[in-house]
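Dumping the structure here so I can ask a few things about it.
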Amino acid sequence: KAETMKLAVTTSFHNSGLSDILLPVIKEDTGLDVQLLVVGTGQALRLGEAGDVDAILVHSRGAEETFVEAGFGTHRREIMYNDFVLIGPKSNPAGLAAPDGIVAALAQISQSKATFVSRDDESGTHKREMSLWRRAGLNPENFGPWYNAVGAGMGAALNTASGLSGHILSDRASWLNFGNKADLAILFEGDPLLFNQYAYIPINPKKHPHVKQDPAAQLENWLVGDRAKGLINAYTINGEVLFTFNAHP
Amino acid sequence: MDNIWDGIKAAVYLLVTFDRDLMEITLRSLQVTLSAVAISSFVALPFGAWLAIRRFRLRRAAIAVLNALMGLPPVVVGLVVYLLLSRSGPFGVLDLLFTPAAMIIAQVIIITPLIASIAHQAIRELWAEYHDLLISMNTTSGQRIRTLIWDGRRALITAALAGFGRAIGEVGAIMIVGGNIDHATRVLTTAIALETGKGDFALALGLGFVLIFLSLLVNFATHALGRTERGKFW
Amino acid sequence: MSSILPLTLSNAYVKRRGKTLIGPIDLSIEAAELTIIIGPNGAGKTTLMRAMHGLQRLTSGVLEFACSIDDARQAQAFVPQNPIMMRRSLRNNLIYPLQLRGVSKSAANAQADDWAQRINLRHALDQSAPNLSGGEKQKVAVARALIREPELVFLDEPCANLDGHATRDIETMLLAERAARRTIVMSTHNLGQARRLATRVIFMLGGCVHETGRADAFFDAPQTPEAAAFLTGDIV
Amino acid sequence: MDNIWDGIKAAVYLLVTFDRDLMEITLRSLQVTLSAVAISSFVALPFGAWLAIRRFRLRRAAIAVLNALMGLPPVVVGLVVYLLLSRSGPFGVLDLLFTPAAMIIAQVIIITPLIASIAHQAIRELWAEYHDLLISMNTTSGQRIRTLIWDGRRALITAALAGFGRAIGEVGAIMIVGGNIDHATRVLTTAIALETGKGDFALALGLGFVLIFLSLLVNFATHALGRTERGKFW
Amino acid sequence: MSSILPLTLSNAYVKRRGKTLIGPIDLSIEAAELTIIIGPNGAGKTTLMRAMHGLQRLTSGVLEFACSIDDARQAQAFVPQNPIMMRRSLRNNLIYPLQLRGVSKSAANAQADDWAQRINLRHALDQSAPNLSGGEKQKVAVARALIREPELVFLDEPCANLDGHATRDIETMLLAERAARRTIVMSTHNLGQARRLATRVIFMLGGCVHETGRADAFFDAPQTPEAAAFLTGDIV
């Protein structure tokens, strides 16, 4: 009987559809039955702290480092990255222009008070958005009603943005896989500040002796291996590459 | 266990400090849910009574459908309301999406079958008792329905309270149509879902306990006003 | 106003799940009669009265009035064997039929006072009706039926739980109604009462009208041996 | 509107192709919910009956609390069950988290108050009718409860169906304690939530319609078996 | 087995929301008596019998048996004024009290057949009891009470809806019970019946026992003017 292990991942990773490609191959190569728990970043970290999963795969560097430092994870292993994109109405009401950089683009949105939807759930995406506002010298607490802090996962927030015809910061994978685009489109992309690193953290067996250490290590080995590299780099939606493998073997 | 304890502490802390945000979302929860319960009761009680007094060919089927509608998945209701109210939907011009009104609409759809079904059940018993009398007095359907609702009001309170319970704790639908927008459509349940997603379980539980406390309050108030437990056998 | 009577039943049957409760019945009720229905338990007296009043659908056969069914329904009242008390006060039970007709609150209350007086229950007007004693409920049911001044009244054993005095009061009331040329159809097991009140008798047996006739003739000389046996209290 | 139409098409497509995954999650939905309803009914019906026949000082309060518990927010129930079953929780050793058993536990907690409350309401009426008879026959409490449940079974079916409806459509709690793991704990509602998150409304709606269809099926089957609409007045 | 009787009520009251329904009552019921309670509607007959049987709590005062209350409860039965039919078949209504005692299915069925025969309802054994006619229900209630062979039986107007023949059947049954030295307490508005059956009479008025005595003495020469008036059917 195949060995199972539980892996908590963020919504963005799962929504990208990549997991559907990887899991069957993982099963084939290692015999591992990886059960995905698709949750918010914060919840994923909590599941790890409680020892309810064997490893986590998230994208929020600061929180990850604290997690490992506190001894909940053995180490942090970078696997791949994708990037965030700024979504907004096709008509581009705030008049965003590509060369200005993401910080300038956000500043312009705030200036024209164009509708903006923020996830507001302390996810990796939300934390990145906040740091970008900070860089623009702005504090969302002072924003007016054009700024909608919706407190929801990526998909729900995208639905809201689509319903409001608003701007939103999303990871590329979620966006490409999103089916309710309405009149939204990518308005801005490609700034290095939008770089989004995913990392794998096995749960520390010293804290939770029952965690499945070996399968977790096996999975890590697979994820940083050539087979994973090939699959991740080759995964595209509508011809667009979603993830870039950058693990150090 | 510690988390649950932290949750209780969080609830007490939120309550004694009269947290402004908490007040706001609590009041919004109440407002949305009470509106939904009022509207639903207005529709569902007479409908339940009507179903109890009418004999028609598809009656059994109608009752089975009504009972089945109690199982309408909130997420699906949310989706459908979202599609109807969205800009590109047929009622887009009303601009109701992501407003408390949209949340009320979704909740009304969810709890109306529940209230109607329980009301039907309660009124059926009373109708069995009153049947001969009301037929004999040559009452109109409207008079019958009004009489049954009035004389059965105690049992109907349970129906309305069941609807209240379902609505106040509901999150799937109002998350979609309300959007959980801070200071606009955030209510207790969506806030709880948010804190859960953030992994702040203590705060989530704290909000949950506030919600339960609110439920208790509404129920005790209803019982006190309705004097539901007095009378013949009590 | 033209009378709703005579009421005629032709070849009427009431069946339930294949079992014939009453039928075949051919019968007519004339205006200003006081018809008493007698017969053993389970003979179908209640079923017949319910069918005539419209509480029970005929499985087959015809029920006709001298006017439209709707008008007829409006002009008749029914006092069931087990009085149904609404879960309200005695007063509200009495004024309920008046409220249905839109009688003003004060007029309705005055009438309720009057009728409560007649049935000796004025002191209990504000009591909850389902708490009344068995006999009191029966009196309320009679008053609630008569308060509408119906042209035709059905009474199903209205005196079964009444004491001697109350029975006499009700009988007096019914004789007054008879004198006012109202039409009354009533079932009873009290043969003395039947003799005192009836102008016409229907003797039921096994779901059929076994014998019917003018009251005096019937009681003096029943035509069938079963009726004769019933009148002497024998098994039929 | 187009989306709704697409949803119906998706539902039909899923059903006629006998989609394997759909079969799997549908069966799991049914299994989890029916287990929860069975367990809850087993507890809630006697409890509701007991509450109807007992007179004690805090009775009114107990009923108000029971009614209030109908409003237990699923997310909070999910959280509490999660905390209890979590590895670091008191029942962690049972290793129930993220299994159908955990989902059943959460659903039982959610629907037991609902079923008990409706059952109490229904049995109260019957008890008013049977009171003198059962007291006079010097029955024990157990005998009374069994008699009332048996003779009131028709009304109690509504209670169980209300519980079924609430459980089959529930998503907040089972998402947390079940984890929506593919091929392990994914059920219809969590799948719907997932597709909604992906913005694939047609599929989400399709699954929703399948769920409603399932609800209808269960209700019709129950009515057919229970012959609920025959008898005295029907 | 020692008798549960005499039953004694001392200074007993039943009140509801401040209103005194009956009281003060001092009374004892001796073994092997057939006590008939008479009195006008609303006098408190039903309330008194319910209180003695334990259906209604005394607001104050004492109710005592010759044995413990639990044993006494086990050995008595009650037939209410409005018979309560369980929503089951007639057969299942009759065997219910036997099932409670764990009587075997076949023995219970045999007894049900026997009793259905005695009340002339054998043909209706599988009919749903709530659908029976008023008189049939009353007979079922009596049979369901006697099937347990209780030492003490309360009957509240058991013949109110019965025809002459059924009334005689029930009276015969009760006389047989009396002959078997069972104790019976029964209320009725039928004074003829009271005369035929009673060994002792309790005359109630306004919630109190107004007069009580041996049956023959009471009917021949009532001591109080109210009782005398009641016996002649006058207002009291």
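For reference, chains read A, B, C, D and E in written order, and residue numbers begin at 1 within each chain.
What we mean here is this: contacts are C-beta pairs under 8 Å (C-beta built on N, C-alpha and C of every residue); 3 or more make two chains touch, one makes a residue touch a chain.
On a predicted model such as this, the values are computed, not experimentally measured, just so you know.
S.K.: Both chain A and chain B are touched by which chains?
M.R.: Of all the chains present, those in contact with both chain A and chain B are D.
S.K.: For the chain pairs D-E and A-D, which is connected through the larger number of C-beta pairs in contact?
M.R.: A-D
S.K.: Please report how many Å separate the Cα centroid of chain B from that of chain E, as a whole number.
M.R.: 49
S.K.: Counting in whole Å, what is the centre-to-centre distance of chain A and chain E, each centre being its mean C-alpha position?
M.R.: Inter-chain centre distance comes to 80 Å.
S.K.: Could you tell me the distance, in whole angstrom, between the mean C-alpha positions of chain B and chain D?
M.R.: 17
S.K.: Among the residues of chain E, pick out those that touch two or more other chains and give their numbers.
M.R.: Counting only residues that touch two or more other chains, chain E contributes 131.
S.K.: Spell out, as numbers or ranges, the residues of chain B touching 2 or more other chains.
M.R.: 176, 193, 196, 201, 232
S.K.: Quick one: which residues in chain A touch 2 or more of the other chains?
M.R.: In chain A, 39, 153, 156, 159, 162 touch at least two other chains.
S.K.: For this structure, give each pair of chains that are touching.
M.R.: A-B, A-D, B-C, B-D, C-E, D-E
S.K.: Note which residues of chain B are touching chain D in the complex, please.
M.R.: Residue positions touching the partner: 1, 3-4, 55, 59-61, 63-65, 67-76, 78-80, 83-84, 89-90, 113-114, 117-118, 120-122, 124-125, 127-128, 131, 155, 158, 161-162, 164-166, 168-169, 171-172, 176, 188-189, 192-193, 196, 201, 204-205, 208-209, 211-212, 215-216, 218-220, 222-223, 228-229, 232-234.
S.K.: Considering only the defined contacts, which chain A positions touch chain B in the complex?
M.R.: Interface residues on the chain A side: 39-46, 120-123, 145, 148-153, 156, 159-160, 162-165, 182.
S.K.: How about chain C: which of its residues touch chain E in the complex?
M.R.: 16, 39-42, 46, 81-82, 124, 131-136, 139, 156-157, 160-168, 189, 191, 230, 233-236
S.K.: Using the touch rule from the top, collect the residues of chain E that touch chain D in their complex.
M.R.: 50, 53-55, 73-74, 77-78, 80, 84, 86-88, 96-97, 100, 128, 130-131, 148
S.K.: Hey, which residues of chain D end up touching chain A in the complex?
M.R.: Chain D reaches chain A through residues 86-89, 92, 97-98, 179-182, 184, 194, 196-202.
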